[in-house]
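Please read through the structure below; I'll follow up with questions.
Each chain gets a letter, A, B, C and D, in the order it is written, and its residues are counted from 1.
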């Protein structure tokens, strides 16, 4: 016995124009049709925003954690007679630590700048037992802060590694959580869209049960009937999703720039190739529409002899 | 074309409705099917176009066992059998002419427009070609159903109460059409209560009258 | 001519049980019914998350900005001979500034704690020209920082008002933006839900056009027909939304605690009475279902004599 | 009960179908309506239960101008008129018995179960009370339609081709039922092509035969 629906034939039927006008057998309008288009559009719209949120928070987390990486410092507060020796030891140790790109002893004027908030503009740096500060630039692969801390403890007991974690880490974890939330909503929205488009397709097919029965009675083959419906619905889902995506992308594009807080925040928009991501949404909607309608049509057809 | 041997049928959950039926429909034959309301005439016709499958016995259509037919096989069978349903359904969003041409459309065949026009004239629906099915009167629907049934020039025509909504003159016209088709070699089976129709037909064609009574198929005598 | 649909009668019909069983005239199942329930549920689910996001970011913004408010300090770095006098002047000035709840001179050990990151645990506070720090607690209504800054400039030229804005402000504005985003998605989701439930109701009504026609033909009054449908759909929308809300609220409740970063972050959950907010969602869905079905039923009925 | 004066009607966008009709249906009267297929019989009945509104002329039902009726007024009118449609529709999700009792349900009246049982027996559908409408045969549907039309004991009964799917015996039974109702004071109007039915009725009841021909309503003579 032949398989009752041939996928390749269905795909051909879907992409080929419809010269015979077989699609006309499906009633053109009705609320179920609008519903399919609209739910695809609405879900695509929400998906674009969730996608933008996930991408933006991802960017934000990355930026924050890279800033965090760049502001690692080693502070040496040894007594005056030991400080030069310990500083040299630390610099040597840092040089041999894997994952560190650069270690730079801050000159007095930079230290002065850092202490300004505490002692005012005319810090008497010379008069103070000011610590030596070494700015450490992390290499791309990063380094093991704990190991370095232990090593410094042995070699230069008065050196303190300050990776500013207390300040920045919560921000990074907040951004990461937001990204997870964005991805989670994306998943939710994808699942809800899938279910909604499936249900809309089924509702539309059920509303057209009469049409299917008439067509079977006059000798239409399953493939003919299924193709007409699947083509309609795949197009509707894709069109609706494309509309929703376009609208949402435009809305994201039109959102006010959020970068005014300097490097701290990032806009909700897409960046560079990121603008291509939303293009996946109509494709996904079309795929969902195709699979859902095909399954629904097959199921309905099985109930009609 | 259709062969039944000891065929029986019952709707699921109900007692058997038809039992132990044997019948052979030959090409070019002309049958009437009668029986009281609810006897199973429509059911019998549905068995003939594989809308229902027999519960027992053997049935072959065009040489093939109907139980072994694939879904596409059933579709193929239905293209060779034209059916006028007791309550024919149309696609309400397509005009009457397109509905009548629908069997051609779904089997991918070309629509021969002059032939379609002739067919419409033949059932006196030329004026309603562009009307929508819900705008047809009861009799007009029945004539449109007949036109749709014969457009693929099937080998067998099944008609369920085709004159139920027609007056005597129109019934005679319709009978004439069916007799014409029969003369051109097609087998015809008409389910009807209208004994006058049967009597009128018997004067023009060699028609056999079948009767469903007590779940069985009987050959009604010459008493009609 | 009487108004064809009487709202009061409709409401009565909606809330009263159905002793005569008139509701049975509406076919019980079908995909459009499932669709109504499901779209209400899915949208309610998303709405709960958006609501949680909006509330949580609101809380976060509030916490961050209140922390900001509580960490305003005045730093006095005057020469040793002037420092006591300027400190007294500043304290007096702060006392007469409206919007300030409390001004407290930090004792040496607290200053020591603050300087520890710079000079190590054994800061020689006495030996250093350490500034005086005054912790200012803002009153609920807040104060005009610029005016205070100008006034201090005149009265105590070595006093510096530091409201830590540079650190915290971007966070607050980030949180506020997230809140706006949450509210925006809430609006979007509400609009999409409304449209979806409306369309589902219309699709279901259109699928039941036959039923409506039969009922009119046998002499059913508009109110009878509309009530049967409106009751069904309002219940379906409310049930679906209640289900979605319950699920989402449970999901929010089950989310891992996010407060581990101390007071810096806040969880996505609701807090206290906030758990009651989601209860509004099924009510809103029922209201949308009621209005949508009523409008759709009225429109359909008008097409049938 | 129904009064028409120079009434005319045409479907929108079409030529007028009925013109200059005048007729008064008295309580207790018995009418037949005939005419060729597509003449406008169904249309005429639809005018009587305000499913269509006349394009011209005057028409009153139970003393009220149909054009002035509110939607609830129309619903009220339909409770006083029982209609057997040519293609009666049921609610397919309710069993036959509930479908027949539907007019009572929607007008908020109590269903008298013994009376319903009697009614089912009267149309010989006792065995199908729990069946779903799509499971009925053509004739069974027509009998269920008649039962639904009379359950509110309306003042006027309109029947459109009520015997189209019935054999002669069943048709006679149905006619008997309508004549019984007529004897109990109800007005009856039957649209039919079946001249034999009209002849049979005329032997038992004082029936007037109307005919739609050339858009007009004519009183058919005693030639039937």
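Keep in mind that, in the parts below, contacts are C-beta pairs under 8 Å (C-beta built on N, C-alpha and C of every residue); 3 or more make two chains touch, one makes a residue touch a chain.
Listed by chain with UniProt protein names: A, C = Cell division transport system permease protein; B, D = Cell division transport system ATP-binding protein.
These numbers come from a predicted model, not from an experiment.
Peer 1: Express in whole angstrom the distance between the two chain centres, defined as the mean CA positions of chain B and chain D.
Peer 2: So the centroids are 29 Å from each other.
Peer 1: Report the inter-chain centroid distance for chain A and chain C in whole angstrom, where each centroid is the mean of the CA atoms.
Peer 2: Once rounded, the distance between the two centres reads 23 Å.
Peer 1: Compute the distance, rounded to whole Å, between the mean C-alpha positions of chain B and chain C.
Peer 2: 67
Peer 1: Quick check: how many Å separate the C-alpha centres of chain A and chain B?
Peer 2: Those two chain centres are 62 Å apart.
Peer 1: What parts of chain B, by residue number, touch at least two of the other chains?
Peer 2: none
Peer 1: Give me the residues of chain C that touch two or more other chains.
Peer 2: none
Peer 1: Could you classify the connectivity of these chains, where an edge means two chains touch, as line, ring, star, complete or other?
Peer 2: ring
Peer 1: Going by the touch rule stated at the top, which chains touch which?
Peer 2: A-B, A-C, B-D, C-D
Peer 1: Okay, in this complex, where on chain B does chain D touch?
Peer 2: 11, 34, 36-38, 41-42, 86-87, 135, 137-140, 143, 160-161, 164-170, 193, 195-196
Peer 1: Quick one: in the complex, what on chain B touches chain A?
Peer 2: Those residues of chain B that touch chain A are 49-53, 70-72, 74-79, 83, 85, 89-94, 98, 102-103, 105-108, 148, 152.
Peer 1: Within the complex, which stretch of chain C touches chain D?
Peer 2: These residues of chain C touch chain D: 1-2, 4, 20-22, 24-25, 27-28, 210-211, 213-225, 301, 305.
Peer 1: Within their complex, state which residues of chain A touch chain C.
Peer 2: 30-32, 34-35, 38-39, 42, 45-46, 49, 53, 75, 77, 115, 117-120, 124, 127-131, 158, 160, 162, 169-171, 173-174, 177-178, 181, 185, 188-189, 192, 195-196, 199-200, 202-207, 258, 261-262, 264-265, 268
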